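Multiple structures are listed underneath, in structure tokens.
Two complexes, one shared chain (chain A), two partners (chain B, chain C).
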Partner chain A sequence: MKGGKLLLGAAVTSVYVFLMLPIAIVVIASFNSGKYLKFPPEGFSLRWYANFFGSQPFMDATLLSFVLAVVAAAVATVIAVPAALYYVRHAGRWRETFRMLTLAPLLLPEILTAIALLFFYYQIGIGTKSALGLYLGHVVICIPFFFLQVTSALYNISPSLEEAARSLGATSWTSFRRVTLPLIKPGVINGALFAFIISFDNVSISLLLKGVGTTTLPMQVFDYLRWDFDPTTAAASTVSIAMTLGAVILVDRLVGLRAMRY
Partner chain B sequence: MTAPSPTARPPGVRPRWLLAAPVLVTVAALIVVPYVNILVMSFRVPSTTKPYLPGFTFGNYTKALADPDFFYFELLFDTLRLALTITFLCLVVAYPVAFHLARTTSRWKGVLYALVLSPLLVGVVIRSFGWIILLANNGLINQSLKAWGMAPLPLMYNEFGVVLALVHVFLPFMILPLMGAIQGIDPRLEEAARSLGAGPAKVFWRVLFPLSMPGVQSGCILVFVLSCGAYVTPALLGAGRVHTMTTEVITLLDQFLWPFGAALALILSVVGLAAVAIYARLSGRLMRGLA
Partner chain C sequence: MTKLKLDGLQKHYGTVAAVKGIDLDVAEGELVSLLGPSGCGKTTTLRCVAGFELPTGGRITFDGNEVTMLPPERRDIGMVFQNYALFPHMTVRENLRFGLEMRKVDAASMERRVADVLGMVQLTSMETRYPRQLSGGQQQRVALARALVIEPKLLLLDEPLANLDAKLRDEMRFFIRSLQKRVGITTLYVTHDQAEAMVMSDRIVVMFDGLIHQVGGARDIYDRPATRQVASFIGLSNFVTGRVAGRDGSLWRLETSFGTISCGAGIAPGAGSPATAMVRPEAIDLSAAPVAGAFPGRVSERFFLGNLVDYRITMSDGTLLQVQQPATAAFAPGDEVHATLPAERAWLVRDDAA
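== the complex of A and B ==
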């Protein structure tokens, strides 16, 4: 039995190392002074960060990714929060159909959704000339994650609280604003965090829908990696990881991540 | 939210479906209509100068499934084989971790859980990049091998690299449902089996594994579907030398062969879903057979 425990421990530890290894390697490569990562590392340097922050394409891509993720999360809020309210509190006979429709962007292969949207945009004439299609694509893939967070938050509060507010004369809007919303706030903020991360890291949608001459940060890294190896991409990746981590820490400070369910 | 209801109206009378309207409009306009459109597109006549020619044809489907040298048929087979390999490896690698995480009483449990979740916060491009640094011909592993006087290994630009990186990318999607399922199993069941004389292997195959089957099933379906649709990792670690249906479809789109690309993408989705349905039936029977 003791041998079995040791074996399990060794197996589990190596899987954790496996999970963390490539991510740690990228961060280490971004601080390495040489062009290729060697072991032992050649020395500490910030020159790839200087490259990154000095590169106009990388800066434009970072800004676009950030704005895109914030807009997608904000628009998804307006769509997903009422949808979750409807599903948990009011949906009748079509309840499961409604849920499947809302989760469809998550259940369908993302690359197929991207292709379908690309064809559709061309046929209705918006094409990829403007960034509108890209924004809409990001919104649609963020909705299911947001919806799941808010529904689980709604299940955890009792409908009798809202009923009490309404029986005391509050309109449904007031009871939503003063009772429901404060109670589901952690779920909404976690949903927004998920939406932000999903959009910020997305490649499949951006790959096909990015407009001419614009690109997002993951796409910029992807294009660099396909043609050449340059540690500037490691610096870009590390900045991207730091931004995601920053969002997670911010949300943790605001509401705590305890309510987070994937 | 919709506009506040007039106070004259008694609460609760406001039409509820207004809450559902935004999501229904969005999904109808950006999912349902584009998917119907892609289905129609797959029956169009291809052209290299514009999206498609007038008229309809079954030609794209016959070309995909019955061309003389079975190129696309083999591609589909390779894609499914790759997805199955990745799913199986994920299951084998994830099981011990999920078991440990479900049963551990260590005070590090929260940290370990965060370690499993955290790769999901890092984009697929970045995680594939990490594997490129490690596996490339002049990457970290091959440099170390050379430094120790050993011959370099072909670790990237082949299926090995693609499978390894995809197992890494999808592992959390296997660990989480498995962990959920194992947490629901009463540890006393294993103790009972052991006290009745069952060895560790027998306890695993006759008690633990059958009872964790719901988690095995959802994890496998999730990883299989995600693997079938994976594009970024095969494109980066295969670098044009590993071909899957998705990389082929994207190439066709670049060549403006939209109707044919649409047909291939739909075939992949339908075959993938059919494989999932067959698997769900089989594993249901397996579950009953084992338990």
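== the complex of A and C ==
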């Protein structure tokens, strides 16, 4: 028994080390004073951060990624919450079809979704000249995760709560706002956070759908790495990790991430 | 106070007919139970009245005003759900205020009404608790209070006691009934528990398979069931089949294979037609000596039930009758007995199986 527990502890620890170590190394490497991206670092310096923040392409890419993630999460909220409500409470005969279609972007390889969207954009004439296609693409891949979060939150609350509200005189909108929404709030917030992170990290959709002359942070890191192997990219990654972490902490502070149980 | 009227109410789900056309009048301040086995359409009927389901046929009126297609929030009903459906993120007080807020009641009357109703259900000290901090019985009372505080036209309850233990269920029956009488609200009450329906209701509606078989008081339904299903659903019964031999005033003569019995009827069968009579086990009298109008039989089994003894009597033609007698009467298996089936306790029922 004791041995088993030790073994389990060791296994868990090694998984964490395996997952976290590369991230730690990137963060450490970003403070390297040497000219190359390597570990262990040769000394402490903030020059790569200066390089990163001083670089117009990096700044543009970071801004675009951030705005893209916020917009994608916001638009996905407006689509995924009603979709989940429809699926859980109202969908009839086409219920499963509806679910499969909503989850399709998750089930298909992302690159296929990207290619399909690209063809579609050219067919309908919006192409990739504007950023619209990029935004839509990000929304599309954010929806499935969001939908799943809200769906499971809805399954946890009894439909008779909404009916009780209706019987007490609330319209369907009021009963959603006063009863359903507060109860699924943790699911909605998690969904939005998921959406933000997925969009912020995304490569394959952005690769195909970004307009000419614009680029997202992950793409910019990739492009940069092809020509320069200096720690600027490590600094960029560290900033990106900090932003994701920042989003999680901010949301936690504002509304609390712990599943609210009643 | 409100009169409720259902006219040919129907509800089909695709090809499934849950309610097949029912007519019902509920008078002002009356408590009517919908009673019947699982799946007979009680909940569906109640949900149509509440507005959660739209009927596929028929009309629903409150005080003569048609509400058939109105959404629930415009019907002014109070509903109590089997799982109580209290809002878990609101305190008892907030739960009770919800309906009043929807009605834009002013703050002062809101306070007063919430306090009044909490007093009625004896939960004044629980005002600031969340539902999860209450026992099942307390949650039940909050649910009742929340439905009553809005002073609705109708109170609808769907098996509100099904989740409580037996003792609490007994207490709550009386509690709900006396509260309903005090408030004087017209009430529709769904249950599949016959004892509950008999204790609580002014009238009982017995349903089978989407149709009403009988509407009446507890006595009517027990002593004068309309159909064989009603009789077997409520209490114990013997069914004796035979042919209608004729009529003496209000009684019918039924020729059975162990003899001719007299019985009352709510139907008018033609002479010579097959018919089924129902006799309750406790209505049959047993005696050792032959009595005028009694039929001979033999005790084949005997079970002691405490206050009663339960006999199986085999009649001359092999018909088996269940008879319950006070525990003071003593017959042993094998004894010759004479069974009297009193005309006033025998009743012809509609028997679709026959």
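Here are a few things to note about the model shown:
Everything that follows uses one rule, which is that the second predicted complex is superposed on the first by the 234 of 262 C-alpha atoms of A that agree within 3 Å, B and C clash if a C-alpha of one lies under 4 Å from a C-alpha of the other, contacts with A are read in each partner's own complex, and residues count from 1 in each chain.
In this section, a residue touches a chain if its C-beta (ideal position, glycine included) is under 8 Å from a C-beta of that chain, and two chains touch if they have at least 3 such contacts.
Bear in mind that the values here come from a model prediction, so they are computed numbers and not experimental data.
By the touch criterion defined above, A:L168 lies against chain C but remains apart from chain B after alignment on the C-alpha atoms of chain A. Once the two complexes are overlaid on the shared chain, A:S158 sits against chain C while remaining clear of chain B. Considering which of chain B and chain C touches more of chain A, the answer is B.
Shared-chain residue A:V70: touches no atom of chain B or chain C. Contacts of A:L132 after superposition: neither chain B nor chain C is touched. When the shared chain is aligned, no partner comes close enough to touch A:V255: not chain B, not chain C.
Applying the stated contact rule after C-alpha superposition, one finds that A:L183 touches chain C and leaves chain B untouched. Of the residues of chain A, those at positions 166, 170-172, 174, 262 touch chain B in one of the two structures and chain C in the other.
Those residues of chain A whose C-beta lies close enough to touch chain B in the complex are 4, 8-9, 11-12, 15-16, 18-26, 29, 36-39, 78-83, 85-87, 90-91, 98, 101-102, 104-105, 108-113, 115-120, 122-123, 136-137, 139-140, 143, 147, 166, 170-176, 197, 200-204, 207-208, 218, 221-222, 225-226, 229, 233-234, 237, 240-241, 244-245, 248, 262. Residues 1-2, 4-5, 7, 11-12, 14, 16-24, 26-27, 30-31, 33-35, 37-38, 41, 51, 93-94, 96-97, 99-100, 112, 115-134, 136, 138-140, 143-144, 165, 168, 171-172, 176, 200, 225, 228-229, 231-232, 235-236, 239, 246, 249-250, 253, 258, 261-262, 265-266, 269, 272 of chain B are the ones that touch chain A when the two sit in their complex. Against chain C, the residues of chain A that register as touching in their complex are 158, 160-161, 163-172, 174, 178-179, 182-183, 260, 262. Residues 50-52, 71-73, 75-79, 81, 83, 85-89, 98-99, 102-103, 130-132, 146-147, 150, 156 of chain C are the ones touching chain A in the complex.
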